[in-house]
Structures are given as structure tokens and as C-alpha cells.
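As C-alpha cells, here come the structures.
Next come two complexes built around chain A: one with chain B, the other with chain C.
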Partner chain A sequence: MDRVGIIGVGMTKFGERWKKGLRDLIAEAGLKTIQDANITGDKIDAIYGGSMSAGRFVGQEHIGAVIADSMGLNPIPSSRVEAACASGGLALREAYLSIKGGEYNVVVAGGVEKMTDSCTEEASLTLGGAGDQEWEVFNGATFPGLYALIARRHMHEYGTTEEQMAEVSVKNHANAAKNPLAQFQFEVSREQVMKSPKVADPLKLLDCSPITDGAAATVLASEEVAKEYCDDPVWIDASAQATDSLAVHDRKSITGLNAAKVATEKVFKKSSYDRSEIDLAEVHDCFSIAELCALEDMGFVKKGEAGKAMEEGRFNLNAELPINTSGGLKGCGHPVGATGIKQAIEITKQLRGEAGKRQVDEAEVGLTHNVGGSGATAILHILSGGR
Partner chain B sequence: MTHRKALPGIWRRFPERYRLEGNKCKNCGEHFFPPRIICPNCRRDGKLEGHEMSKEGEIYSYTIIRSAPVGFEDQTPYVLAIIELKEGTKVTAQITDVDPEEMEIGMEVEEVLRKISEDGKKGKINYGYKFVPKS
Partner chain C sequence: MDRVGIIGVGMTKFGERWKKGLRDLIAEAGLKTIQDANITGDKIDAIYGGSMSAGRFVGQEHIGAVIADSMGLNPIPSSRVEAACASGGLALREAYLSIKGGEYNVVVAGGVEKMTDSCTEEASLTLGGAGDQEWEVFNGATFPGLYALIARRHMHEYGTTEEQMAEVSVKNHANAAKNPLAQFQFEVSREQVMKSPKVADPLKLLDCSPITDGAAATVLASEEVAKEYCDDPVWIDASAQATDSLAVHDRKSITGLNAAKVATEKVFKKSSYDRSEIDLAEVHDCFSIAELCALEDMGFVKKGEAGKAMEEGRFNLNAELPINTSGGLKGCGHPVGATGIKQAIEITKQLRGEAGKRQVDEAEVGLTHNVGGSGATAILHILSGGR
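The block that comes next holds the complex of A and B.
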């Protein structure tokens, strides 16, 4: 069956973009990606845009129309998709499926979140909506709190330490320092992470991804069109998605995310590559513990051993399996609806050899792992370059 | 606070929040809290019937919330936990009347009815289940 290629990528700088509104961010990322694809608007068949909660962050719904309108692309069909923090990954997947299914040839997959127009308390309430409102949030759960419950249990069952979790943030900040579009372009030490204020024990401020404004977009095309417009398309080799209970407490085990495990099995079943051929990955480190769970869920380390492996530096830039070269959600920032697209952009840039100071040598196959909420949605993609 | 709700949204949850009313599936034997509308194991073959959950359990995991959501500011820091009830069903709730530093996984707790949060000074007061160390 025909492949689907990524022929253009573009993203805004991530951060507190006080001078830019929702539409400015969309247009900025949209123009960059269309320029990168070297394609004209009339060739685009459809748009899929991920946004977790524009309605609560800025009071604007109907984001599909907002995207097409902001980009001057009316009357192209434009749809918003939502899966909390995995909204971007879902937009990529829906765009991929629409081409794979044969309906479209050229589709834009994007994501956006304008979070800093909300005050911090309001933004936290909105993010809480990714968890279970009635049975977690009602009783006083916060988003960091839910991941803290996961972390505490992981520590209990496997002896994972707070220091090992801190190493995730240290690594991701080190990578973000090399990314000109990252929110936090500076390094932090393990001591700084350990001494940062506690948010929800055992998680501290520097274990947590920030509130971020940003947008990111890609142009996908069918194999034939991709080759016409692009000498070196990056191919979407496989895409998979899985679901789990909305509430953490409804899961048999909470030391990993079952949706991510299931999506991993599916994505490798569909892929022409196996786990050992993955050269790098962007994983969903909304909290430091989440990256450790991700590495275990995807089978890159044995269950319970991610903390130790992290401490040994096995996932550093240019180590055996570089993870989150963009800086991850922690360092690059986490505009929730845009994150899944940013992950695909980072892998695309790496596979094209355009990742600058954070370029991974001989990167040929990359993976993205995007999670919604506390793990109720997981979306994985495998991307490959060249051939 | 969750989102401010009109009163029916609060009333309709009294059985669960005040009495821990859940249900169980007679087909597979699993207990659910809150009650499930469809048994996820058996789906249409499931036979759900009401079941008041036991009021005792043990700590499965816990955290200390230091950065509180709106409506919980007066309570910080507070302990939030996942409690495994006798039936094996897990719930998320606050642990109260406890020194946060003494929390540990496996600690035995029992349910109490308490004020959960308030919707501002003029809004309604939300009540529900919390847990305390077993006496």
C-alpha cells in the first residue's frame, strides 16, 4: 500500500508568547510548514488540528474553522481533534489515516495551545479536565498529583529514586539548551531539581513540564505527491493508538501506562522496523516519572530499570538511544495540543539531518510517543528517513 | 473544585459520595466504584447489581498536594491517595487526620464523610468521602 510522507514541518518558538494570540501562533506555524513543503494552499485537501481546550484557555471553540480561517485557507475542510495532551498526535494520525484511506493526497496536521492567556489557577483547572473530573479532581487531585501517585508506587515496587527521576529533567534541559525553539534553553543540575519546591511529593517543580504557548504543523502527502514535492520525505512507517481508563485508580497496575504498552505492540506489528532499529525517540515526559514509565512501557528497558538506565546516561544525546532531543515536554515546553506534532517535527528534522547542535549521528528511524491525560490515550508513530 | 455545577449535578452523586454505593457484576464477580453502567469485562453479558462498598482499605499509593487547586487552598498541604478497598476496587480520596510524614503504602484506613471543597464563599459546599488511619 502507498506510503504517507511528511513533506513540510514548521513550529513557533515555544514559551510564554505574550505578544501572540491563538491565531498568530497558528498562522506562524502554518506559514512555516507550507513554506517548508514548498506547496501552495490550493493543493491542500484537508486540515486536522489538535487543541486540548482552546475553549477554556482562551474562550474560543470551533478550532477547525479558526485554523483554516487564520491561514487564509477557506473553504478547505478543517477539523479539530482532541485527546487532551495527545491531541497533536491524534491530528497527525487522523491526517495519516485520511491519506492512507485514499480520500486525500495532501493534508496539514497541526496542533496549537495558547495557555498563558489563562491565569495559572485557571490553566491548572483546565488541565485537570484531562483526568477524571468526578472521581479524581472532585476529591482534590491535581495533574501533578496523579503522576505523583504513579511515581510513589513505582518507587515502592521497583526502588526508583527521586534522584533518578531528576536525571530526566537534567537530560531534557541539556537538550533544550541546544534547541533555539525551546522554552527553557538552559541546563539544570540534579541538585537544582532536587531542591526545587515540592508540588506533589515526590514530584518537585523541576519534575514538571511547564505551561506553554505554541503551535506546530506538518504537511503530509501520499507517496506519489510526496516524491513530486520533496527529495527527502520522511515516511510515516506506522501509526497506532490505544485507550485506557480515564482514572488512574481504575487500572490494575499504575507503574506504567497500559495504553502505551498496547500501542507499542501495535505500532511494531505494523512497522517494517523492530525495536532495536529505533535510533531516537520523542516521548511524553509531562512529568519526569512519565519518561521512565514510557521507556519501560515501550520495552526499551526492562520493567523497573528505567531509573537506573537514566542515571547511567543511556538516553543522553549521542548515547545508545537519545530520548527527547528537542528537550521534551520539560525543556522544550508543553503547549498541550501542539506537543504531539512537535515530536514528529523533531524526529523529521533529525532524520533530515537538520537538527543543528542536537543532531544525532546517522539517525534513520525515530519514534514518537504521545500520551493524553494520565494515560487514557496513547499514540505512537514510527518515522523513517531516506529510502 | 471541579467546574461549578448546578445542584442536580451534585444531588445525583449523593449515593456514591455519601455512602460509597458501587456495584458488582454477578457474571465475573468484579466490583466497581463508582458503579459502572456496563461491565468492561463482560459487556452485554454482564449482570450488574448494586453493592455498598466496604468502608475499609489500605493505601495503594499517596502524594502530598502542596500546590492546591481552586477550592482546596485552605487545606494545603493535604494527602491524596489511592485506596484499595476490601473488594479490590481502588478509589482516589484525601487522607485526613494524619501527619503527612507518617503516610506509607499498606497503611490501613477507614472511610469518613467530610467536607471536600467549597465553591467560593457564597457557593455550595461539596461533601464526600475521605479516609482516616484505622483506629
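The block that comes next holds the complex of A and C.
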């Protein structure tokens, strides 16, 4: 089977981009990735773009066409895909499948979200659309509220502490401080996290990822084409996707995400690498508890032990398994449709040895873990490369 | 290359479904298509679902997960795709590519839109999101307004008349009157169309497709699996997709849709049939002028001659090339995300010989033409079968 390689990456600075609209963000990331790939537009066969809710955030649907138009790439096929906060991961997956299946040779996989044009209340309602509108949002459950349920149960069953959760944010801010495209390029201390205002007990402001504007894009190519443009492409070694019930209350257990467990099993079944060979991972830390669940769901630590392992610093930069070297959703920011692509960009930069101050030594195999909603979608990719 | 077959189809009644929510519509169409395929849920590998704007219409995003959840099909991968009013066609295409490329064997391709919970003004703004929010909608252009520009220019350049456009609605209502799942199961006369209230001159109320609730779903399978479940599957012979500028004012010509022309060229290049072998087609008649453009864009008539040909009855049921035997968007209704799938269902029923009072004699090859927005996306499929 022919491989699919990542030959170009590019992203905007993530943050409150008051002077940039949806199209500006798309054009900026799109241009960067095409320049990075050193390819011309006429070589591109198709586009897959992830966006969670451009319709509600800025009144614009038809995002596939918007992307092709903004990048000057009409009339090639351009499709929007959506899986809430996993929309970017889905774009990467669909682009990968379209090349692997032989339909296209060169495809742009991107993601975008322009969120700050909404007021906080509106944005909160919109983000609620990633969960169950009828049973959760309508009854007052916000996303911090849903993840607070998960956190509280995790604390009850496994003795996880608020301090352990705080360490997720401390680590991710420390990484973001080294990332010039991150939204929050500063460190926070455990004490700052612990003393930050409660959003939904036990989650505090500094346990929560922010509202962010941003776009990110990659150029994928079939093995034959990839080798024309690139000496050492980063390869997409495996891709997997799974779903779970939309509402948290429909699940047998809420101390982990079943979709992530299923997708993990699938992705390692397809991969040529096993768990012990993963050198680093970008995981979906929409809330600090989510990163702990992710590490347990993927089997990097035993169930219930992620909090303790986090406290021990096992996931810090240049520890045994660096997690979220980009700063994660917490530190780098979380423009929901773009996050899954940003994860792949961070791994690509690490595998290329281009991650600057946050470079992980001898990074050869990386994983991305992108979640939609409170876990109704999980999409995982394993990327491999080397310098 | 292995073929991909349609082994099951099912749709809700289209119309104002006041007592049915988004999930009810999905469950109804999903159950029908699974029953029609005579398959069990555990055989289904994945889902692709089209929805244009569930986020704005009913506050719900994450539609892939909603579909899997509503159909009881977790944890299989389930993805929403969006290309405005071509979202259904895109779901069909992505499902087709995912099987053709070898990732899956059995996939549900569906589409849904629950539109009537929005008031007309809200719905009009939401539908505007299929066009250019910043340059068209914000400045007051509605979709009837955009297509009125196209109609006016077509009249100016080719002498097309309002009476000729009216004949599109007359034909499509006549077909819808024979379709028990259509929104408007009654005929209208040319006089009624001509005397109906102006919406955007020269387009009148009866030139415009309605706001509709509905869902539609198909089960697709690889050739090997299809033959296990079905003696005579309908085959997806070819699929093609193209884009154009989002805004009408950015196009060189507005008397046709370039994306539809490009997709037509591609689809016939991939198909084992040529234009003269097409026995019937479902085309995107969001407004009466759109059907005339479609027939010209696809080369079924010469440029500028569709109006005259329509008046001559050449596209009536059992004339030389029956168009929109389902009733089209005008008569059958237009739940935007579901329309592309409904088109494939109608062709499938015709090729199976199950179209009842609207059955076309000796239908063996059919085409679907699904457009997003004012033409920024076009997705075409050619289906073949036989009884």
C-alpha cells in the first residue's frame, strides 16, 4: 500500500485576531502551507477543511467553497467536514483516505475557526452544539459543566486531585511559552491555577482552554509525489476514528472516553508502531481533566494513575513522553476547527526537527488525539518521520 | 476497479414536519434504509451525513455523532460533511470514495435538515450562509435575489421568458403530485405560477423551492458485499465535484454555473456512459431558472435553448429525457442537507422499477446534479442499474 506524506505545514498565530476575518485566517494559513510545501496551486487536486460552527460564529457556511475561493484554487473539489472540536482531525483523515484510496495525489487538509466575533454567552451556546442540544445545553449544561462532571467522578473513583489537574495547565503553559504561534506565551504556576476563578467546580479558569481565532493547514501527497517535493516527508502511518453517545449521561462510565479507547485500539492495529515507540503526542486538553483521561484512554498510564504521573513530570518536555509540546489547547489556544490540524503540524515540526526551543530529542514517531464534544468523536493519527 | 453499489434507500416524507425533531427525522430515514437494505447494524462500517446548517437551524452541530447516536450505531466512525445545499451529494460522494478506496465495505450516506423551527427571516439569513456572507448577504442579497440576477441575465442574453421558467415548476409539481413523499403533492398551472407573488423579480413564489424538513439515507456497499444483499444493486458509475467563486459577482458569466460544467466534464470522463445514454436526471431546481441553467451546463441542450425545450415538454415524465421525476426541489421539497441523497434515492427507485405512478419506462442510467449555494459547489453522480 502506498504511503501518504505531509509535505507542507502552515498556521496563523492563534489568539484574539481582532483584525482578521475568516477568509484572512484561511488565506494566511493556506499560503504558508503551500510555500512550505514548495508546490504550485495547479498541482493541488482537492481540499478538505474542518470547521465546527462557522455558521453560528460568523454566519458563513459552505466552508469548503470559502477555502477554495480564499486560496484561489477554484474549480478543484473542496469539502468541509465537521466533527465539532475534532473537525480538524477529520479533515486530516478524509484527506489521507482520499489519497490512500487513489482519488487524489495532492490534497490540502486545513481547519479554521473565527470565534471571537461572538460574545461569550453566544460562544458558549454555540460550543454547546458539540454536545447534546436537547438534553444537555437546553437544560443548562455548558462544556465546562460537562467536563466538571467527568473530573468530579474521576476524583471520586481514583483519588485524582485538583492539584494534579493543575499540573496539566502548568506543563502546557510552559510549552506554550516556547511557541511563537501560541495564544498564551507565558508560564503559570500551580498556585495560579489553583487560585484562578472557579468556572465549574472543580474546574477553574486556568483548567479551561480558551476561545481562539486561528487557521492551520497541511499539504498531503501520495508517496510518489511526496518524494518529488520533499526529501524526508513525515508519513501518516495510521488513522482511526470512533464515536460515542452525544450526551455524557448515556455512557456506562464517564471517567474516560470510550470513543478514544476504540480509536486507540484501531489506530495501533493499523500502525507499524506500538505504544512504546511513540516519542511524543498532542492530545486534546480542552480541560485539564481531559488530558488525564486521554493518557489513560490511550494506555500510556494505567487507569486512574494519570494524575500522579502528571505530578511526577513524566509528560514534560524532554521527559519520557512529552505531551502537548505545542502548548496544547490550553496554552496554544483552541480555534475548534483548526486544533486537529495544529496537532499534526506540531508533530510534523517535531519530527522534522524544526520545533525550536520546544524540540524533543530524537523524535521519530508522534501521535495526535483529537476529540469532538465531550467525547462523541475521537480521531487519532500516528505520524512517523525522522530527520 | 471494484464497483460500489446502492443496496438500500429510505427517506422521510418531506414537508413541514412540526412534530418531528432532527433526531426523529434521522432515525426514521435511517431505519427505513437499513430495512430496505435488509442488513443489520453490525455490518455497517461508517456513516457520512450531510447537513448544511443544523447549528443555526436547531443549535446542534456534531451531526456525524448525532446520526450514529440516533441510529444506535456507536462506536463506528460517523462524519458530517457540508457543501451548503450540496451537502447530501457530498455525503454520497465521500461514502462512495471511502468504499472505492478500500477503507470500508458498507457505509450509510445520509442527509438531513430541520428547517421549519426557524422563522422565515432567520431561515433566509441562514440560507444566505451558502453564499458570500460578507459581500452578498450583509448587503441584502437573498438567495432568490441572487438567482433573480441569473434569471434576468439569461433572459437578456438568450430571450428566455418568464413563461418558460414557469414551465419548470409546472412539470415538477406534476411529478410531485405522483410522489407520496413529496411536500407538494398537487399540480400547478402556468397561470398560477405567473400570477403568484413576486419574490425577487422575475422570480415568483412558485419559481422558488420551499423550506422543508426531511431526511434521506442510502446504504452503499462494495461490489462483493452488495451482491450478498441484493440481486441487482444500483451501481454508482461515476462521481465528480467542482467549485466556483462563492460570490456571484466574481464570475465571468452568470448565465450558467461553471462548477456544474467542470463537474459534468469530469463525471462523463469517469463514466462508462455518455450523455446520450442518460435516461433520466434529478437536477438542482432550487429556482426554476436553475433547472434551465443545469440542462445547458450539462450539455443536454444547447446554451440558451433550455427555456424553449422546456416549453416543448421535452423533459416531462416519459418524454425524451425526464427531469426531476421526484418533483425536484420545487415539488418534492428542499431540506437542504437531504436533497442530494433524495436525488440518488429517486434515481435508484427508478432504476429498480419501484417509482410507482412516476415510473420512467426502461430507465437504466440516471444522473444526479446537486448544487451548493449559487453554484460555488456542484456534485454530479451517474447511477446505473436495470431490473
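What we mean here is this: the second predicted complex is superposed on the first by the 385 of 387 C-alpha atoms of A that agree within 3 Å, B and C clash if a C-alpha of one lies under 4 Å from a C-alpha of the other, contacts with A are read in each partner's own complex, and residues count from 1 in each chain.
By definition in this document, a residue touches a chain if its C-beta (ideal position, glycine included) is under 8 Å from a C-beta of that chain, and two chains touch if they have at least 3 such contacts.
The shown structure was predicted, so the numbers you read here are calculated from the model rather than taken from an experiment.
> Considering only the touch criterion stated at the top, classify A:25 as touching first (chain B), second (chain C), both, or neither.
After superposing on A, A:25 lies clear of both chain B and chain C.
> Hey, is it chain B or chain C that touches more of chain A?
On the superposition, C touches more of the residues of chain A.
> Is A:230 contacted by the first partner chain B, the second partner chain C, both or neither?
neither
> Touching A:11, do we find chain B (first), chain C (second), both, or neither?
A:11 sits against neither chain B nor chain C.
> First (chain B), second (chain C), both or neither: which does A:193 touch?
neither
> Under the stated touch criterion, which partner chain does A:367 make contact with: chain B (first), chain C (second), both, or neither?
Neither chain B nor chain C is touched by A:367.
> Examine A:121 and indicate which partner it touches, taking first as chain B and second as chain C; both and neither are also allowed.
A:121 contacts chain B only, not chain C.
> Quick one: is A:133 in contact with chain B, with chain C, with both, or with neither? Answer first, second, both or neither.
In the superposition, A:133 contacts both chain B and chain C.
> Have a look at where A:260 lands relative to chain B and chain C in the superposition and call it first, second, both or neither.
neither
> Do chain B and chain C land on any of the same chain A residues, and which?
The overlap between the chain B and chain C interfaces on chain A comprises residues 125, 128, 133-134, 137, 250.
> If you look only at chain B, which of its residues touch chain A in the complex?
1-3, 13, 34, 60-70, 72, 75, 78, 80-82, 90-94, 105, 116-117, 126, 128-130
> For the complex, give me every residue of chain A touching chain B.
121-122, 124-125, 128, 133-142, 144-145, 148-153, 156, 197-203, 247-250, 254
> Mind listing the chain C positions that touch chain A in their complex?
Touch residues, chain C against chain A: 21, 23, 52-53, 55-56, 58-66, 68-69, 73-84, 90, 94, 97-98, 100-103, 125-126, 128-131, 133-134, 137, 241-246, 250, 258-259, 262, 372-373, 376-377.
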